[in-house]
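Common to both upcoming complexes is chain A, partnered first by chain B, then by chain C.
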Partner chain A sequence: MSNDLLPSSQLPGVTRFQWQQLLGPIVVVVIVAYAASSVSASFAFLTEGTLALLVMVLALQVLIGNSGVLSFGQAAFAMVGGFATGLLTVPVRIKENVLDELWEPLKMINMGIYPSLVIAVAIGAFLAFITGLFLMRLSGLAAGIATFAVLMVADNVLFNWKLIGPGPQVMPQVPKFGFIDESIAIAVLVMIVVYLIGISRRGRLLRATREDALAARALGASIWRLRVLFFTASGGIAALSGAMYAHHAGAVSARDFYLGFTFTTLAMLVIGGASSVWGAVVGTILVTAIGQVLLVFEGGVTLGSIEFTLPNGVRGLVIAAALVVILIWRPRGVTGGKEFRVPFLSRT
Partner chain B sequence: MTQILEAVSIVKSFGAIRVLEDVSVTVNKGEIVGLLGPNGAGKTTLVNIIAGYESQNSGTVSMDSRSLDGLTPEARTHAGLARTFQSGRLFPELSVAENIVLGGIGVGESTKKANRRALDAIELLGLGDVTSEPAGGLSHGLSRLVGLARALTADPDYLIMDEPAAGLNDHETPVLLTALESIRVESGCGMLLIEHNVGLVADACTRVFVLASGEMLFEGTPHDALIDEGVLTAYLGDATMGLHGGRA
Partner chain C sequence: MIQTILDALSYGGLYGLAALGIGLVFGVMRLVNFAHGELIAIGAYLLIVTIDLGLPISISIAVTGTAILALLMEFSVFKRLRVAEPSVLLIASFGVSVFLQRLYEVIFGALPLSGQIAPWMTGVIEFGDTTITRGSLVTIGLALVLLGGMWFFIEKTTLGLQIRAASSDFQTARLLGVRSNRVIGAAFVFSGVLAAAVAFVLVTQRGSVDPLFGVNITILALVGTVIGGLGSLQGAALGGFAVGTTISLLNSFLGNYRIYTYTWLFILVIIVLLVRPGGLISNKAVKERV
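Moving on to the complex of A and B:
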């Protein structure tokens, strides 16, 4: 290879923007979402919820996939996002009637869905930044436990403190999205952002710290700063996911985002492959599809003269088993952690 | 301003064990200096102290009259001090090219400039055939060369190399030697070469330091080191061993 012959932009093996890596997952999400939502109203509802979950899995991918730091706490920011958008959009009369212990200024606020989404993201990112300043000094098991503590704190505060929410009750009458297009557009936007973050200069350096932190320091990389930055981005995206979920369900409560939500979204990320946007997409679709098939069987299916009925809870068992199998035999997920790629279109 | 990397009167203990005792090393810009010593002499500890990975009990480290004491490894890299590792320490799941380019991106160079420097380093060290390979699949020898290319992409003022020739074959060692001389001449980089390959050190370096049991045993030219009785006894154990191109 000669310097004179090869433009530096074409150095083989270097991470760079590739249209197919971005467009592939987007096309798959758009097609699957529109196809599924056209089946029935219940499928449209399921699809909208799954798109909120996809955004959460992408939030996890930003942090865990790029840094290797395991976080059980990102659902806390989804919780905050859900509450924030709920408080900002639920009609004043509902808040006065149902949330009578709410702090007065919060009762008076009312705005549209989209401004509230922006504010929810800002609040989630801000809280993630503050917690990240402390937590991102940790790695491995310590980081996992500390982030789980964040989830517990958020759950306890939002489950009990009626000054800023419904407490153990449900916050009702959260305005719903009008069309599936809105959720699809937000999910696509987040996919673009997450992909660009991943291939950015800081994203590439953070991936280096994931592989060998000591050697990455020799490159001049400040591990803590990079992790705080990505923890913040992840928190903002998680808050958006929580807000989407609230506008999908039309109601929000703290327990929507607790252990089940955390386990499901982490399973989606691990099963698909934590290192790529494509992995997040595949994991979300796979786990949702498996869950729905098993749900049908849990309700009973008649094939000819034979009726199959699976006991309730089988869904959770199967997803947990799939997670274990993946962790043992294919730890980089079913996509191998790689981005979407059509071989004959790839230059390297 | 004096252009010199200095570690002066370094003392380092791990608990009750004194690893370095009043050790001093200097590297001028545009000079290749060797650091020799048997296993356990304290070479890697000294390198880790200069690069900021460990702190000394006493003594100072400075670069071009600027104290480096208290600076993190990443701050020292930004200041112009790069290093390679004894074990390569590449990012195994990233490609060879990505490993090398990150050397430039880490110190804040533009992507275009980092790519350009990476290409230069790849060409210099003959790595053009493996740029797309995952770094984790390389031989030990190639890993050292990629680690060196990664450090060079940061365009350092001073470079510390921890056994860069270990694992290199008979074809790769001369490539490394030529590359070191080329780097010295073209960039004026000062280099500290920790190496067991006495022949390589003799060919590449203008001065050598010899460490033994944490104490500086010798400072002078490679030629003088190779005939110094104390060095031969402490470092080689047996003065009759082959010195030219041989491995201790």
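Moving on to the complex of A and C:
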């Protein structure tokens, strides 16, 4: 890495393409995903869900990691993605029986999972573009609250408007992915895209605006344009995550993507380290692993002659505590915001 | 009609109190405290658990307990994040908020605890042919008293002066001898007291408390604090009041479409932020340079 001259805290994020930075996280995700899903059917199901979350964390990383703008609103685009793919793939017969208030043309549409994923991403990116045009004029806390307002509007509309969805109910019978390989392939694809976007000229320029807005402006960077661009990319990827989640769970509802989802994915990103793809990967795996271990304990574990049972709620408690402790102890996350590097490999 | 106006005023007063609690802490340390809702929730839990001891004792326990929890938050978490950026503080308070929600779930269970705190507040008073609920009058009275009390404290006492100084320019205030930890501690204590007052009104209205009790009002009060103008205490109270009255009026006038109240409210919030990113009463200390 080129930042040996300066304390690493001054140069988060990468500047130059390195194969190990891209391939490292991919290899880790592929190995962990296949290993975990070979344990049992329930682990395979969990892995598939976690891959959808990983894509969401990457969506947050693209925006927050590169621009430094805090967004609580990306879950809104996941919600839109989940609803879009649900409406496009649920069999017509089911829609006629369960979602009788749905707008007629929407009832008639039906297509396969993959074309639907593409459309979901396009819708999510388009809505993010429109929203971003307005919201990316703001920064700091005003941006945080305004993006949060977007989440509230999306939740309120999708939770109530039965013309374009199931309203407060669950949209059932969303076709599921056939194999775990599909989710793994999508996640890997997103990791490549996110890494390449981050390392592109615009990505580096946007990170420059994050570190010193005035200097970046002097270099000719339009902060607003760059942020809108990355907000759009982030919205598209978030929509993909929501759609993956819908095809994973076989159902979708507005409340799948509300405050809990926002908190979990944001915690994953911050715990891992917001300024790198590697941080997003580490955070997602770490939080899921901690959650699984605690879930086992909540069910009761016998060690020797003593049986431990944790009360419900302890899982969320520990994850929230971990988030706070990491913010105090390592504000840049457990990876320190650095990209993956092969240990002991000579410096390039 | 009178009831509609009184409802709007009492909602506004309640949200104003919650927003002022958030604004006090924001002013002195640039922390947007999501966990304010959990202060409100602990106040409500303490009221319901101790109500058998009589209302005055129960209220004193709730106020003390809430203020202690607020101080505990400051000492265990936020004190260690003094140099962190506002966005990091925001995420940390989000973490504290979820942590406390889960803690309440572990201690009190996920299901609502119910209890009658002040049954007389749910009654109505009749004036000729108009009836108004006693609760809205009490809420307006409580809000007036507390806002007046806070105004007196902020404007007329030395500690209040120090809080104002720290809110407008923290570094200079420190250089001039304002003891920062004491001022921040005081802000947390008062935000705890205000949270307990909000808890009292809410728990008499709802009659039960659950781990997510304070989330809704905190989100709305937070929004109020931001659109009112972060860093300005009048702005915070005013913003909270504006959000509360807007919700109440939208609820009255949207009729069957009141399920979309939040959509309209948050669209208005976005518009206000776009037109005045610094809030209705803006404070230049909050603005980012460039």
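Everything that follows uses one rule, which is that the second predicted complex is superposed on the first by the 328 of 348 C-alpha atoms of A that agree within 3 Å, B and C clash if a C-alpha of one lies under 4 Å from a C-alpha of the other, contacts with A are read in each partner's own complex, and residues count from 1 in each chain.
In this section, a residue touches a chain if its C-beta (ideal position, glycine included) is under 8 Å from a C-beta of that chain, and two chains touch if they have at least 3 such contacts.
From a predicted model like this one, the values you see are computed outputs, not experimental measurements.
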item	value
Which of chain B and chain C A:A208 touches, first, second, both or neither	first
First (chain B), second (chain C), both or neither touched by A:F263	second
Which superposed partner A:R217 touches (first chain B, second chain C, both, neither)	both
Residue contacts on chain A - larger count, chain B or chain C	C
Partner chain in contact with A:G144 - chain B first, chain C second, else both or neither	second
First (chain B), second (chain C), both or neither touched by A:Q173	neither
Common interface residues of chain A - those touching chain B in one complex and chain C in the other	214, 217
Interfacial residue positions of chain A with respect to chain C in the complex	68, 70, 134-135, 137-142, 144-146, 148-150, 152-153, 155-157, 160, 213-214, 217, 259, 263, 266-267, 270, 311-317, 319-321, 323-324, 327-328, 331
Chain C residues within the chain A interface of the complex	32, 77, 80-81, 84, 86-88, 90-92, 94-99, 101-103, 105-106, 110, 211, 215, 219, 222-223, 226-227, 230, 259-263, 266-267, 269-270, 273-274, 277-278, 286, 288-290
Chain B contact footprint on chain A (complex, rising order)	1-3, 6, 8-9, 11-15, 201, 204-205, 207-208, 211-212, 214-222, 337, 348
Residues on chain B engaged by chain A in the complex (per definition of touch)	51, 53, 72-74, 77-78, 82-83, 85, 89-99, 101-103, 105-108, 111-112, 115-116, 118-120, 122-123, 128-129, 131-133, 150-151, 154
